[in-house]
Amino acid sequence: MSLLDIDSVTLRFGGLVAVDNVSLSVNEGEVFALVGPNGAGKSTVFNLVSRFYDPAAGSIRFDGHDLLQCNADQVPGFGIARTFQNIELFEQATVLQNLLVGRHRHRQTGLLSNIVFSPKAYREEVRHRKAVEEVMDFLNLQPYRDKMIGGLPYGVRKVVELGRALASEPRLLLLDEPASGLSVEETQDMAFWIEDIQTQMGISVMMVEHDMGLVSAVSNRVMALSDGKELATGTAAEVQSHPDVIAAYLGTGEISKTGTSRA
Amino acid sequence: EQGITDTEVLIGSNNDLSGPFAAFGAPATKAAQLVFDEVNEAGGIHGRKIRFVVEDHAYQMPKAIQGMNKLINGDKVFAMLLSLGTPMNIAAFKLQDAKNVPNVSPLSAARQMAEPFHPLHYAGTATYYDQIRIGVTYLAEQKGADTVCAMYLPTDFGKDIKEGAESIAAETEGLTFVSETTHKPDDADFVGALQKLSADGCDIVTLALGVRQAITVSGTAKKLGLTDMSFLNSSAGFHTVMAKVPGGVTEGMYAAAGWADLLSRMDQPEVQKFFKRYTEATGEELPGTGALLGHSAAVTLVKALEAAGPDLDAKTFQAGMESLNYEDVVSGNTVTYSATDHQGADEVVISVIKDGNWVEIARQ
Amino acid sequence: MTTDTNPADIVLQIENLESYYGPIMAIRGVSLTVRKGQIVTVLGANGAGKTTLLKTISGVMDPEKGTVRMQGSEIQGSEPDAIVRRGIVHVPEGREIFPLMSVAENIAMGAYTRTDRGDIAADEDMVYSYFPILKDRRAQRAGTLSGGQQQMLAIGRGLMSQPRLMLLDEPSLGLSPLLTQEIFEIIVRLNTEQKVTMMLVEQNAKVALDAADYGYVMELGRIVMDDRAEVLAASKDIQEFYLGVSQDENQRGQRRWKQRKTWR
Amino acid sequence: MRFVLKTSYDADIRLFKHRAQAVWYALLLLLVLATPLYFVAIGDAYLLGEITGVLILAIAGMGLMLLTGHTGLPSLGHATFMAMGCYVNINLLGAGVPWIVAFPLSGLIAGFFGTLIALPVLRLHGVYLALATLAMSILTGDFVVMAEPWTGGIAGAAVPDINIFGIEINRYSTPYKFYYLVLFVAILLVWFYRNLLRTPTGRSFTAIRDSEISARAMGINLTRTKATSFFLSATAAGLAGALFGHSAGYVTNETFDLVMSITLLLMIVIGGLGFIPGAFFGAIVVGIIPVAIANGRSFLATTFDVNINVPGLESALFAFILVCFILFEPMGLYGRWLKIRTYFELFPFYRKDMFKRQKSYLKTDRVQ
Amino acid sequence: MDFLQLIISGLANGCVYGLIALGFVLIYKATEAVNFAQGDFMMLGAFVCIGFTNHEYMGLDFWLAVPLSILVMGAFGYLFNWGILRHMFGQSQTSIVILTIAMGFIIRFFAGATWSHEPTSLETPYAGQDVRAGGLVLGVDEVLIVAVTAILTLVFYLFFSRTKVGLAMQAASQNQLAAYYMGIPVKRVHSLVWGLSGMVAAVAGILFASKGAIDPSTGLLGIKAFAAAAIGGFGSLPGALLGGLIIGLVEPLASRYGPPGISQIAPYAILLLILIFRPGGIFSQTLSKKV
């Protein structure tokens, strides 16, 4: 059963067609990967789902709801959480606080009870912390718990971002290049986490990633985009062997010390 | 009684030395200090030297409150002299009155300085309100004018002047108040305002603007050829600088004030002495309006202290103040106080700028 | 270190460098040598201090202790622009571009320290030939480029200053496999054709070691290993932790309960 | 450094991180409660009045701190909200509403109208928001004039004394009562403020400050959250305005001017943006330095007969001190305080250059 | 005719705002700092010129005094940056704003102590001279203001868009770190632009002072110039001029045809309206973040 349905969506920036009549759907419980050359429009698809952009045409539905009817801040309410390609954390807050903001959609207390810190607010806080601690344990973030984001290395920030998204207990997780800037070892951790997220937590994942190793390790289906258009869809192996994908995106994988790989 | 010892009497002033009215406050306090220095050098009054404490509120209420608190509760001054700003003075009354601190010659010609009557409130000169009423009456007679207008800043000062103009127009047969424009201290272009006043047929325009702005208004009116419009300033615009603007820009401006211009009276030795002493002490080219006011107020205070006798307190001071009746040569005015009159110089002098000088043309 | 000690050959010599972020010591007594015409790579896990090392070299951070010598003269603590004029260019981590300026203007800024107009134009063409997409987007505001495009811009801009020594911090970050491959080809080409010395920080250790002549491994702010690239690539630890070649079939189980690294 | 072993979720939720901190705060509370005793002893409440003034400033400062320091929205218009609070208070008192009702209402009404005014400009950032609020501040005086029936316009309005269940409180005649009243309000607000910061509302504010995009992606409604922050901020400013009115005794269209707005911003920056104590540190600087300068001058005059009579020197000296503060501690006094504290906590292991500022670089504000 | 006169005078006055705004924008465009003391810089420039040329001070020839004061103010701006702001490099813009506010106080004090608080007029050779054409009157001072403002705006516009240093200034404001990586001497660039802005302030001050009298509180005008800069779009040079002109026009129109009081409200009301409907000003210089 499909959870997210993107149907013939088009988006233009001036004369540039960044997303060109793209349709895709992410099924409940699957890991769906979006690959493609730089500037293909992958992040833009994410931004469309997040409602940062309004498409010129097409529809985006999540679990039967028309996402185009709502604002960016209502999207997480349906259970969609995301990370960003270039890391958008709350720099002047600790890891713990960042993750707690991720819980925002589960907020149940109002302004007044927050101001006087009513027993209800207290109980809610305890609940949030519990959930967040679990996420931190899962992602091995405990050592960084009370550290300011501003001083964390790139790789840890990537994980914190994942944690913040997970803290919101989403149904669909959008990961924009989760492994960029991670070492091989960390990328493997990421692969295991994504697997666990899918299998143990039952969260569907849609991700953009250039590391084909990671893509083939975790994804059920892969779609390749180029210039805003769909190139190929299928299993990782199918897409990876598609000649257009190889030409536009993958290359040969060998560094020739004499000339460019672009023939 | 606070602020008095056998050797010293403490006088306070909550003034603007660095804000928009520093052009009045700074010279006024300097001139007053010079008077006190002279008195102190001569041994003080009844053996008491005068110590003058000035606080700078830069025309801001929060600072004024701090200054007031310091002077009255901290320094514990005996009297306040030359405090600048209507709201600042009014705010201070509550505390001053409770502590029996007299308020002498504030740098505000608002009506509230002496009205309603309070035994310890003494205004120095005629109010803006009266100045403008007298000035308008005089000009209307002279020029056969039948319309009055006002250009003013929305402050207590502007309000007094506008209301003065309005009330005299209402009371005088054949005179009507027809138009008004308001301004802010940073307004620099008056073409629109003057065109409006001209279109409304204004004969006399009363001005309640900063000196700098009044100069621009006059220049603009000349440029636009509005020669049959007469501009009437109050004491706030009766400023030597105004007359000295190069190029004859301000020629023909009128002012109704509680004193006469200095430069036209330089033949009087006392005026000369004041002039010399002030310019030497400050290095300024000439004592302006503020200096003159400061001097007069200080002289009033000194005379009142003398008259109060050695047993100084609020009661004897009041008696001293109310006994005053003297000719203030420097301001060219007669200073009288009495049990019913708490306004010193009642005369209003009307002057006009001629050949770069203020020239007295009438007095009332 | 290699035994060759001809001092004229040494482009960059770092001794005992220590840098702090407030109270946090990020690099702890690093010494290394970069020789003329070499490609040197620095490997290391997250937070090892690689970025800090490059920043200290290029002068955007001041070291607390130690010296950085560029061809014999000490440069630590100078203003970064002075260091650029000495011929060191730093292509930073995380696409530090000028977001409101056009792509073309960004690239022009790369040549700020140069005065030879004709050659600048030629180099612009060179950059555009490496990254044709940038040519198409010459007038686009750099801030609206996609992540990878911004990375290309940052690299292209770095090439414009005709450096003697290039510091590259994760050049392949966010680039497609094809482009990663091309970037490394460009690096190798510049190195062989224009004799640009390179110091390269990469997470993608495989390509980095492929391209490099010499490698350093950093851990927790220290250099824990250094050798010729081939040697490193053959080392067991490197293979396990940086190249992802696992000895154990049951990778997952092992990785879940992984032991920390074994050096030290 | 002090390590706190956290054993339960409560550890992060508690107001005080550890016992010692609670003790310090208790001591501080005792100190501020006992301060009047000193003035009773010397029989002169002059300086207590200034301390009360500092507390009023700090209340307004907390309002602005919430908006600027914690939500990242600069405002050069907070004197406007103070004016609202002050005039509402005067009018309610004038209408016979008891102070105990009128006072909180004046805050809430200021908050309500503050939010209404702010709504159209909530899309703005940085300089633009600062300028929009600056415009608001400039127009305040004009609105006070226009609303003459309620404000007394140019002529001004006298502020009635406080009366709580028959207890008369006036700034000058009963300085001690006034001090305790203001202190109570300040402490209450600090408590509210701290509660806010440890609950979702406060977190959504700081989230917006750090990254609007992420905040939206986490489900935070920007307009509503910013409006909430504006509301709380204007409410605190309104309360401060009402108290300020009581302390001034008389207010006119010129009382709540741009300078006051600027002073508030200056205060929280000097105190330390983003920290509640920063509002107090800043208020102390802004409130006490002029007093110190003025008294210092008087002291020189009386004891050494040194008369410094340069008009405006005090303002300039004050400005100069501010320049020094900013120059040597751009992160604010609270930042400096943290360093001093760390110094003592670490004592033998402290390195001199530990807090040496590492070079820092700014990025444009124009990309949001 | 009256109407035309109104418009022309309004434009001339608007140019003064534009000129001060130009000073703001220069600094903003190159450093993203907001100089709250720009109005005071202008006032200081005017007084410096008065100090050089007025008979009671040095009495130099006016045409010698002008370049001298421009130089002095250029040096002042440069040194202010070099001696003070440079020590805060990389600190938040808010701190810099506060610093410039405090600086404004100090400048006002200095001017008051040196040249007194009394309004003073600049003695110019063209004082009181008019240009008359078909019933319209324009002071020589106003003609000069219009001409100089137009020229300066154009020059700076070209400087920023065409020259390498101009581009580098923009680069330095957008990302200081990246600018350093490019070898741009960011701190020197900052000092330079503060120097330039000091010079512009001197020009504005001289032109303004020759129109009427000035006193140390003249710097208040800076706030209106702020509004002008924001209306045009902070960071846009033509925007600064346009914003200045808009305010310059709106004021006399409002005071001529509106009820009393409206002309003081009008500039700020327009500012608010523009910001509500175009949050970045007319020539918006902002970009929404790409993620």
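Per-chain numbering from 1; labels A, B, C, D and E assigned in written order.
Note that a residue touches a chain if its C-beta (ideal position, glycine included) is under 8 Å from a C-beta of that chain, and two chains touch if they have at least 3 such contacts.
Each chain and its UniProt protein: A, C = ABC transporter ATP-binding protein; D, E = Branched-chain amino acid ABC transporter permease.
Please read all numbers here as calculations on a predicted model, not as lab measurements.
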Exercise. Name, by label, each chain that touches both members of the pair chain A and chain B.
Key: D, E
Quiz prompt | chain C to chain E, fewest steps along touching chains | solution = 1
Quiz item: Taking each chain's centre as the mean of its CA atoms, which one is farthest from the centre of chain C?
Solution: B
Quiz item: If you average the Cα atoms per chain, which one ends up farthest from chain E?
Solution: A
Quiz item: More C-beta contacts across A-E or across B-D?
Solution: B-D
Exercise. List the centre-to-centre spacing of chain A and chain C in whole Å, with centres computed as mean CA coordinates.
Key: 28
Exercise. List the centre-to-centre spacing of chain B and chain E in whole Å, with centres computed as mean CA coordinates.
Key: 34
Exercise. Between chain C and chain D, tell me the centre distance in angstrom, where each centre is the average of that chain's C-alpha atoms.
Key: 47
Quiz prompt | Separation of mean Cα positions, chain D and chain A [Å, integer] | solution = 41
Quiz item: chain C: which residues touch two or more other chains?
Solution: 21, 60, 99-100, 143-146
Quiz item: Could you say which residues in chain B touch two or more other chains, in rising order?
Solution: 18, 22, 26, 154
Exercise. Any chance you could list the residues of chain E touching two or more other chains?
Key: 105, 108-109, 112, 117, 174-175, 177, 180, 223, 261, 264, 285, 287, 289, 291
Quiz item: What chain-chain pairs meet the touch criterion?
Solution: A-C, A-D, A-E, B-D, B-E, C-D, C-E, D-E
Quiz item: Which of the residues in chain C come into contact with chain A in the complex?
Solution: 21, 24, 45-48, 51, 93-95, 133, 144-149, 151-152, 170, 173-182, 184-186, 188, 192, 203, 205, 207, 210-211, 241-244, 251-252, 255-256
Exercise. Name, in rising order, each residue of chain C that touches chain E in their complex.
Key: 58-60, 79-82, 84-85, 89-92, 96-101, 105, 108-110, 112-113, 141, 143-146, 157-158, 161
Quiz item: chain E touches which residues of chain B in the complex?
Solution: 18-20, 22-23, 26-27, 154, 180-193, 195-196, 199, 210-213, 215-216, 219-220, 223-225, 239, 241, 245-249, 284-285, 288
Exercise. Please give the residue numbers of chain C that touch chain D in the complex, ascending.
Key: 20-23, 60-62, 64, 99-100, 143
Exercise. Could you please specify the touching residues of chain D with respect to chain B in the complex?
Key: 44-47, 49-50, 53, 141-142, 145, 153-156, 172-173, 244, 247-257, 259-260, 263, 287, 290-291, 294-295, 298, 301-302, 309, 311-312, 314-316
